[in-house]
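Take a look at these structures.
Look for chain A in each of the two complexes below; its partner is chain B in the first and chain C in the second.
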Partner chain A sequence: MSRVARRIASVAGLGVACVAIAAAGVRAQGHNGLPPEGQGSDRKIIKNVGRPSVGKEEYIRYCVGCHGDHGDGVGENTQWIDPKPRDFTLAVFKCRSTPSGTLPTDQDLMNTIRRGIVHSNMPEWRPLPDQMIADILSYIKTFSPRWKAEQPGTPVEVPAETPVTTESILAGRAMFQKFECWKCHGPEGRGNGPSASGMTDSKDQPITPYDFTTSDRFKCGTSNADLYRIFMTGLDGTPMASFSDNIKGDAGWDLVHYLRTLQPMKTPEATIWKAWLATHAGELKPIGPDATGQ
Partner chain B sequence: MRMKILASVGLVVLTTMALAPARPPMAGGTVTGKVTYTGTPPKMKPIDMAKEPSCAKEHATPVMNESVVTGPGNALGDVVVYISAGGAAGAPPAQGVTFDQKGCQYIPHVLAMQAGQQLEIRNDDQTSHNIHPMSKVNPEWNKSQPPGAPPIQVKYEKPEFIPVKCNVHPWMHGYFAVLNTSHSAVTGADGSFSLTGLPPGKYTVTAWQERFGTQSQEVTITGNETAKLDFVLKATEY
Partner chain C sequence: MRLTKGMCGAQWLTISALVVGASLGAATTAAATVTRHSDSTIVVQRAATDGNAARDAYRAYVASIQNNEPAAMASYATKRVKLIPAFARKYGLRCSACHTAWPELNSFGQQFRDNGYQLKNERDSPIYQNNSYIPITLRATPQFHAERATKQLVDATPGDGASGQAERTVSSHGFDLSGIDLWTAGTLWKNVSFVLLMSADNEGSFGFEAMHVRFDNLGNSSWLNLKVGKFELDNLISEKRFLFLSDNGGSYATYHFSAPGSSVDFGIGDNQIGAELSGHSLNSYTRYSAAVLTSTDGEPGGENFSSYDANLNVSQAFDGGKMGVERIAAYAYLGQRPTTYQTIDGEEVPGTGSNRKTFYRAGVAGDFFLHKLEFLPFYLHGNDNAYLASDTPPDSPLLPGARDASWNGGFLETHYYISPQLVLTQRVEAIRMSQQAFSDLPNKLGNVDAYSFGTRWYPFMYSRAGLAVHGEYSLVKTVSPAQTAEEGSTVNIWTSSLLFALDFDF
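Entry: the complex of A and B
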């Protein structure tokens, strides 16, 4: 399927879900009834003990077609699909609660399997029971020696969300300028910043910055806490860096609140922001190279 | 009894001699030489930094791509020359190494360090960089470093040649050469290098260039002499 055709298909498929989410104004809940990936200590912790020998059977049944016999992301389907399947031999994962460069938790991996990866061929494996996913994970871990040598990182703390206010959104907008998010994601969040073209991931595959105006789900979740986690941990193996050295605690919520205004859904952030803009739009300098010092 | 005391004294003297700094810091053998190329190296192109005016204005003339640095007499710069076998690796030096981002360039372009040695990454630019060392053996991470942010302190635990890039400024490109030895050098534009303080022994010395690959030679050090060792790497156009 061409890129365009695939896009149309996926947009059509997503349409219903997006309309439902937008209409309800829901955006802090987990996607499609999944348990929300909570904040701080209320994160669900995987309890099941994986059995690699059982996991291998399940892997061969469900995963091998794309991720390959050797877990290197080279299965029989791989040549036809883009983005390419994850290469488990590197043990580098986009969606983590843990700092950049560290292994994800089992819960992170389970969430990814259940959630799927939007705009990729990785479907949502929602019906798989916890034990089966734990078994598969324990087998996937045999593909990289890192799982024997290292422990998963300590999850980045996500504090309780601060109230959505104009001040918070404005502070987040200043961060979007200061940390130069616009260089990749574009001044309006369209994913078309000056550095956006020609980007590649760590396996030299083309990759584009997220376009906030599409109303697409993020690759790594749907909630505000997921968004907070995405820029704090970075998406390893991609150009998206970790900002946890420079954004601390509640300030991260300011950026979350601003990013939500870039999306077309009806969110509390968008409502407050539109009301404020109606009378104050002229006070804002546009985001971009000439707006330093906002 | 008397013999025993004498023996003990002798042992103490011997032990003291062994523990005392046996030689001044620079003693030991030296391997010195020059790295040159044969063939035709690719022509390096100027880098267009127009998308980052704060960096462009730091350079009076356009910066050239640095993946092949040459000097007069076919000299080859930015070649890592290091002990790849022989001798003990030893503990990493207490002194760390520094990798700077200035004028949207990596300084140095190739940085050699020992596994476990402290690495400090600085941003001296007025723009945000993301430091993305694309390691395969060591954990891969990717961190943003806005202007004025404190230096990033890291260590790499396993030997690996790691390409480093900045996704925001795609022309920025460099290497961390994480080695199993403290005996390493990176050639200047004149191609020269010097590995000092080598205890007596047989060594394999390897030269690595990011485009032209590696080349190794054997050398034996017996005392405080200086051994000459030149490398000639074959330049490939691509």
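Entry: the complex of A and C
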């Protein structure tokens, strides 16, 4: 084999090796996204037993700047951060798969750490190994006695999603009006409803309603199921209450489908809605205090 | 004379040792005038084309030492960059969130960098920042250092140039300054990021170490990002972010090595100018980058303008459970350099080169954690085409006897993180020539062995600024031509650095 041929073969071989590594990696990676909330995915966290002593070191490395040495949400950066960091001493968490007022599952907490919280300083800690997050969680739990006295709630059931139709979206729009979602989130979902100003969380810290028009993510997830779950669990510690007593079964999907049309991306809901609006926009009544939402 | 990046780096910590004279009265008509530089690279200055060229190469190499060239001090010191508390200030994260021990990135820092210096919290655009926020960072390192080099030729009687030469150990020490890095980096808009890094040596002479704009998440996909400008190659083990600062240990020898006599002015540790397409999974466990680069080794303009190199990097990380995040990588750099030029009055016209000859660097790297213990293995195979390896003059036929030069190099670096604020480091490194450009060059000529160890202590760590108390010792052995012995023999030159520094960043 000539020298040039050997060189070409060497470089080609390395290229093949590169591709093989990448292919193996993609296959081995499993999920880049997040596992679904709830019972099935709890196996992951069960597999990783948290070690509080190790978790403390990682907490100091990654978390303490915002959440503070004592987990009370008073870190060195808290004064500059809006919204304020979570106070772990209260063990009240926004993002749960469990009913309002109950503790979240470990998987809920792990998902929050991995996905971060949009429109806040909580980043996506996706690269952290599962074991490291389990260790951090075990340390976070030492900040509140609730974790010793209570068990996490039972995850709420999320029924199979109904088809996305114009009727479903219209029904969701009516619910947006009926349950006065617009008072906080605004008639167009911009987070600028009449009740938005002066809103505070359970620690009397200023808080802003979610603006659906600025992101493809929600505070607690990205999928339709995540949004459905938010209606049912509420975001504890915020004015966003649970609607599990008011919204039953498939009705929740109607609201999900409508809210998806407000987001700044191309979704099946937005496509259907846009097509319908092209010929029926004049039939809609405005959302607000004097309207019915239809 | 070609100036390597290692030489540039040496400006940061200048060692004053000199080589004066040589006992051999070798023929100045030698075919290839080979020079040993202060960074241990060996460069052919100019070659004649007579038939004795190859045979005379070694003799010429030795003869060149007569010319008061700097000693083989193995000064690979590089610019130290890549800690950006401007980001910490923007996002309210401590240094330790993104760095194992700054400036080295951890897996989260890698993800942040891959995202275009964005947390992706919908607040990355500057419009969400306080108007008074300007993402500027300064880094400098006042220090005390001592340097030592063995077998340096000096006047037998100091001050008497006619007294002949003698081999002696040369040493120096004292308080000193580093250069300074002036950084600005961040986002121009959501998914449009930038870097501008101006670095000065310790005399205040500035240069552009990095300058690029990056379009992130093209098509809303993390797999497509386009960067244009001057940037660091996507090396898994970044020399710009590592934990060594001394003159001998402050860069990877493997990243800047040139085969004895080669004209290739390239180091994979040098920032390059070009365009890079890169991508990554959402957690940055799977990463790739492919770059097209102007063949100027990062120097704007230059005689090799109009020629292009290519670089490919692929890496994959794995969740190592209690051990941490484990990562492996493969890379390849394929470069070319022209060997003929258009001329005006016999002078080469920059940018008109043709008849290009190739060289390549390829290998694998890793980043493995055993909880608090981190291993960074690296392997490189290098090859220069015979034309380049022998530094055959432009527009000339290949020197008789010239052949490809090739070598293998690598290192194993280890960090032990006692805490996020205290790390112990060590590195062992070796380079072995496997084929010289001329068969009559000694096989081991140019070989390098290096060892470094040190510690960095961060007395405080928060999200506004950083200070590291740095201690380091580095020792390098370079196989060089014997300066007073018989032709064809070699000598081991030992160089060492001792450094105590205050490395601060604001």
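By definition in this document, the second predicted complex is superposed on the first by the 244 of 294 C-alpha atoms of A that agree within 3 Å, B and C clash if a C-alpha of one lies under 4 Å from a C-alpha of the other, contacts with A are read in each partner's own complex, and residues count from 1 in each chain.
FYI, contacts are C-beta pairs under 8 Å (C-beta built on N, C-alpha and C of every residue); 3 or more make two chains touch, one makes a residue touch a chain.
In this text, all values refer to a predicted model and were calculated from it rather than measured experimentally.
Peer 1: Give the label of whichever partner, chain B or chain C, reaches more residues of chain A.
Peer 2: Comparing chain B with chain C, the partner touching more chain A residues is C.
Peer 1: In the superposed arrangement, does A:70 touch chain B (first), chain C (second), both or neither?
Peer 2: So A:70 meets neither chain B nor chain C here.
Peer 1: Looking at A:198 after the superposition, I want to know if it touches chain B, chain C, both of them or none. Which is it: first, second, both, neither?
Peer 2: In the superposition, A:198 contacts chain B only.
Peer 1: Considering only the touch criterion stated at the top, classify A:285 as touching first (chain B), second (chain C), both, or neither.
Peer 2: Touch status of A:285: no partner.
Peer 1: Could you tell me if A:248 is touching chain B, chain C, both of them or neither one (first, second, both, neither)?
Peer 2: neither
Peer 1: Should A:116 be classified as contacting the first partner (chain B), the second (chain C), both, or neither?
Peer 2: Only chain C; A:116 stays clear of chain B.
Peer 1: In the overlay, answer first, second, both or neither for which of chain B and chain C A:214 touches.
Peer 2: In the superposition, A:214 contacts chain C only.
Peer 1: For A:131, select first, second, both or neither according to whether it touches chain B, chain C, the two together, or no partner.
Peer 2: After superposing on A, A:131 lies in contact with chain C but is clear of chain B.
Peer 1: Output check: A:274 vs chain B and chain C. Expected answer is one of first, second, both, neither. What do you get?
Peer 2: After superposition on chain A, A:274 lies in contact with neither partner.
Peer 1: Flag every residue of chain C that touches chain A in the complex, lowest number first.
Peer 2: 91-94, 96-97, 107-108, 110-112, 119-123, 281-286, 288, 312, 314-322, 324-325, 328-332, 334, 358, 360, 362, 383, 404, 419-420, 462-463
Peer 1: In the complex, go through chain B and note every residue touching chain A.
Peer 2: 51, 53, 127-128, 130-132, 134, 136, 139-146, 149-150, 152, 167-170
Peer 1: What residues of chain A sit close enough to touch chain B in their complex?
Peer 2: Contact set of chain A toward chain B: 90, 92, 99-102, 146, 150, 178-180, 183-184, 194-195, 198-199, 202, 234, 236-243, 245-246, 289.
Peer 1: Considering the complex alone, what residue numbers of chain A touch chain C?
Peer 2: It is residues 3, 7, 10-11, 14-15, 17-19, 21-22, 24-26, 28-29, 32-33, 48, 57, 60-62, 64-66, 76-77, 80-81, 116-132, 214-215, 217 of chain A that touch chain C.
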